[in-house]
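Both complexes shown next keep chain A, but they swap its partner, so chain B is in the first and chain C is in the second.
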Partner chain A sequence: MVFGNGLRALALVTAAALALAMGLIFFYAPLEADQGFVQKIFYLHVPLAIVALCGWVAGGIFGIQLLRTGDRKWDYRSYVAIHMSLIYGVAVLLTGSIWAKASWGHWWVWGEPTLVSFLIVFLLYCTYQPMRFSIADPEKQGRYAAVFAITAGAFVPLNFMAVRLATPLVHPRVFTRVAGDLPGSMRLTWLVSLVAIALLFVTLCKLELTSKSAKDNLRRLRRRLEARDEAAAERAFVGAN
Partner chain B sequence: MIRTAAILFRKDLLVEVRTLQSLTAMVLFSVMAFVLFHFGLDRDTISGSLAAGVLWVTLLLATVLAVTRLFVAEREQGGFETLLLAPIDRTAVFVGKAASLFTFLVAVEIVALPAFDILLLQGTILDGMPQLLAVVLLADVGLAAVGALVAALGAETDARELVVPLLLMPLLVPVVIAAAKASAPLLSEPAASAHLGRWLLMLTFYDLAFVLVSLGVFDYLLED
Partner chain C sequence: MLHLLAQTPALPLDEAGKYVAAAYGVFVTILVVYVAIIGARFARVERELNELADMAEEHDELGQREPEHVA
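Let's turn to the complex of A and B:
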């Protein structure tokens, strides 16, 4: 399995996109009248959350592919997508807390369905690794992890629906309200930021996939070398007697 | 498929009736939890959303107890291999296990709901009983479907006592939300039923979604 093709080019594009997004966020997008400078965390927090959720759902889709084809590469992809989304999830909860503290005055707001749903989904995916690594057989591990990924992927939209129904809205619904709510320059900045953060996600996934497959190859080669050494030692022992 | 599931279901019930392991544990746990809530909250009677929360968190944790034990007989006494060697559909295993879990939950609630009423509500549960029964039964379907799936997911892991509760609790959050929201007005002093339809619909939707997901993925569990 080779995952490393084009990694360098992708990394360069990602770095450029991130630089562009940061430039737009700090020098182009206007200061928001109500919240001021703090509002700029919106350009990080919301794309991070969207990409993390998409990563989890993608993990479920890769899980379906693994069960359908039995090809190990889908297992790698599913694992890495979920793992990266977990890391993004930590960033989402941190940036969300900071933003909540700055604009609503509390680190945590239970009345905010999106934040609460995200926490529940995050907690569910936190159990992915403990579950996965307590299964010894690698083939079975992949299959069970895929079943988890599919179930959890279906759970994500359901959970958002349940939590949203249960709580009144606090979050700004910037894109669903009547047009003109978010000025064009802010929307452009946000879209560039979304693309940059999605690219960063893909790059990090590719990097982890490359490193995992390299590690697997190394392990296989080392095992073969050990087997050869053992055979040689045995021959030497037999020869000496 | 239905016949096989029915046979497996009957086997589980027979084992449970003869040993009474899970049911006794669940009932005792529920009653104990009500006693603990009495002291923890320092209240003699509770009502409304507090009562709904106590009831549903207790039932959720009792479900966790049953789910960790769901495949125990198969695993410890070697029934697993026989089950896997038998030329039967894996889906039948899921349906049988979910049906047994559902039955256990109903059996526990037959004791736990009156106990809850006597210990913490002082006899007001009957006011909203028909609606509450609908909520309980719909929630049980969801608990049973997700419970059977998670039990099978955890069956092959080395640390299932840890993995099963960790997996199960976040997955069941929507059930607790919907069931608690639906039963809060039913358990308040003059029993009312505000937004009951919405929450029943939510529970039905959850049940349907997870029964379908479980039926779809269960074939890949418990292989070889």
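Let's turn to the complex of A and C:
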């Protein structure tokens, strides 16, 4: 399994996209009339949340592929997508709390369905790694983790829809058909930011996959070399006697 | 470049500025910590690879000496 192909080009494109997004956020997008400068967090927080949720769903899809084909590369992909989404999830919760404090005066609002539902999904996925690594047999580990990823991955869009149907308390619904939509410059900035954050996700996933695959290949190589050494020592012992 | 920077609007770093800086700071910190962890992991892989290369060389040397010993 080789996961590192095209990593350098992808990293360069990601860096360029992130630089462009930061430039647009701070020097192009106008200040929002209601929240002012604090609204700049929106261009970071919302793409992070969307990409994290998509990553969890992707983890489920890769889990399906593992169960269909039995190919271990899907297990790697499922694990890494979920792992990276957890890291993004931490960033979502922290940036969201900072934004909440700045605009509502509270770090967290327990009555708000959007916040609490994201926390529930995040906590659900926090159980993935302990569950996965409590199983020693790699075959079984992959299959059980895939079942978890599929079940939890199906829960993510359901949860998202339930939140959209619920009445918001304080969290804004920006992309709706009834409320006012984003003006062109803000929309463009947000879209570039979303692409940059998504590219960063893919780049980090590729990096993690490369590291994981390199580690596993090294382990295999070590086992083979040790077996060869043992065989050579045995031959030398038999030859000496 | 300086001319271009002079043309850009000044950022209103008042009360809101510290929250925006904190949010983006959190993002950058998480990114840097993650890259550092991955870097440490690659350093470990490199160390193990060197160990395996030494092991393979030793094995080859042993393989060359072995026929003489048997003979």
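The definition used in the following text is that the second predicted complex is superposed on the first by the 223 of 241 C-alpha atoms of A that agree within 3 Å, B and C clash if a C-alpha of one lies under 4 Å from a C-alpha of the other, contacts with A are read in each partner's own complex, and residues count from 1 in each chain.
Criterion: contacts are C-beta pairs under 8 Å (C-beta built on N, C-alpha and C of every residue); 3 or more make two chains touch, one makes a residue touch a chain.
All values reported here derive from a predicted model rather than from experimental measurement.
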| item | value |
| --- | --- |
| Overlay on chain A: chain C relative to chain B, clash or fit | fit |
| Touching partner for A:L199 - first (chain B), second (chain C), both, neither | neither |
| Contacts of A:L218 with chain B and chain C, given as first, second, both or neither | second |
| Partner, of chain C and chain B, that touches more residues belonging to chain A | C |
| Contacts of A:V163 with chain B and chain C, given as first, second, both or neither | first |
| First (chain B), second (chain C), both or neither touched by A:V80 | neither |
| Partner chain(s) touched by A:A154 [first = chain B, second = chain C, both, neither] | first |
| First (chain B), second (chain C), both or neither touched by A:L115 | neither |
| Touched partner set for A:T127, first chain B, second chain C, both or neither | first |
| Gap in Å between nearest CA atoms once chain C and chain B share a frame through chain A | 25 |
| Overlapping contact positions on chain A, where the chain C interface meets the chain B interface | none |
| Residue numbers on chain B that touch chain A, as the complex places them | 149, 153-154, 156-160, 162-163, 166-167, 170-171, 173-174, 177-178, 181, 198, 202, 205-206, 209-210, 213-214, 216-217, 220-221, 223-224 |
| Chain B contact footprint on chain A (complex, rising order) | 67, 120-121, 123-124, 126-127, 130-131, 134-136, 140, 143-144, 146-148, 150-152, 154-155, 158-159, 161-163, 165-166 |
| Complex contacts: residues of chain C adjacent to chain A | 8-9, 11-14, 16-17, 19-20, 22-24, 26-27, 30-31, 34, 38, 41-42, 45, 48-49, 52, 55-56, 59, 62-63, 66, 69-70 |
| Of chain A, residues touching chain C in the complex | 26-27, 31, 36-38, 40-41, 44-45, 48, 87, 90-91, 94-95, 98-99, 101-102, 200, 204, 207-208, 211, 214-215, 218, 221-222, 225-226, 228-229, 232, 235-236, 239-240 |
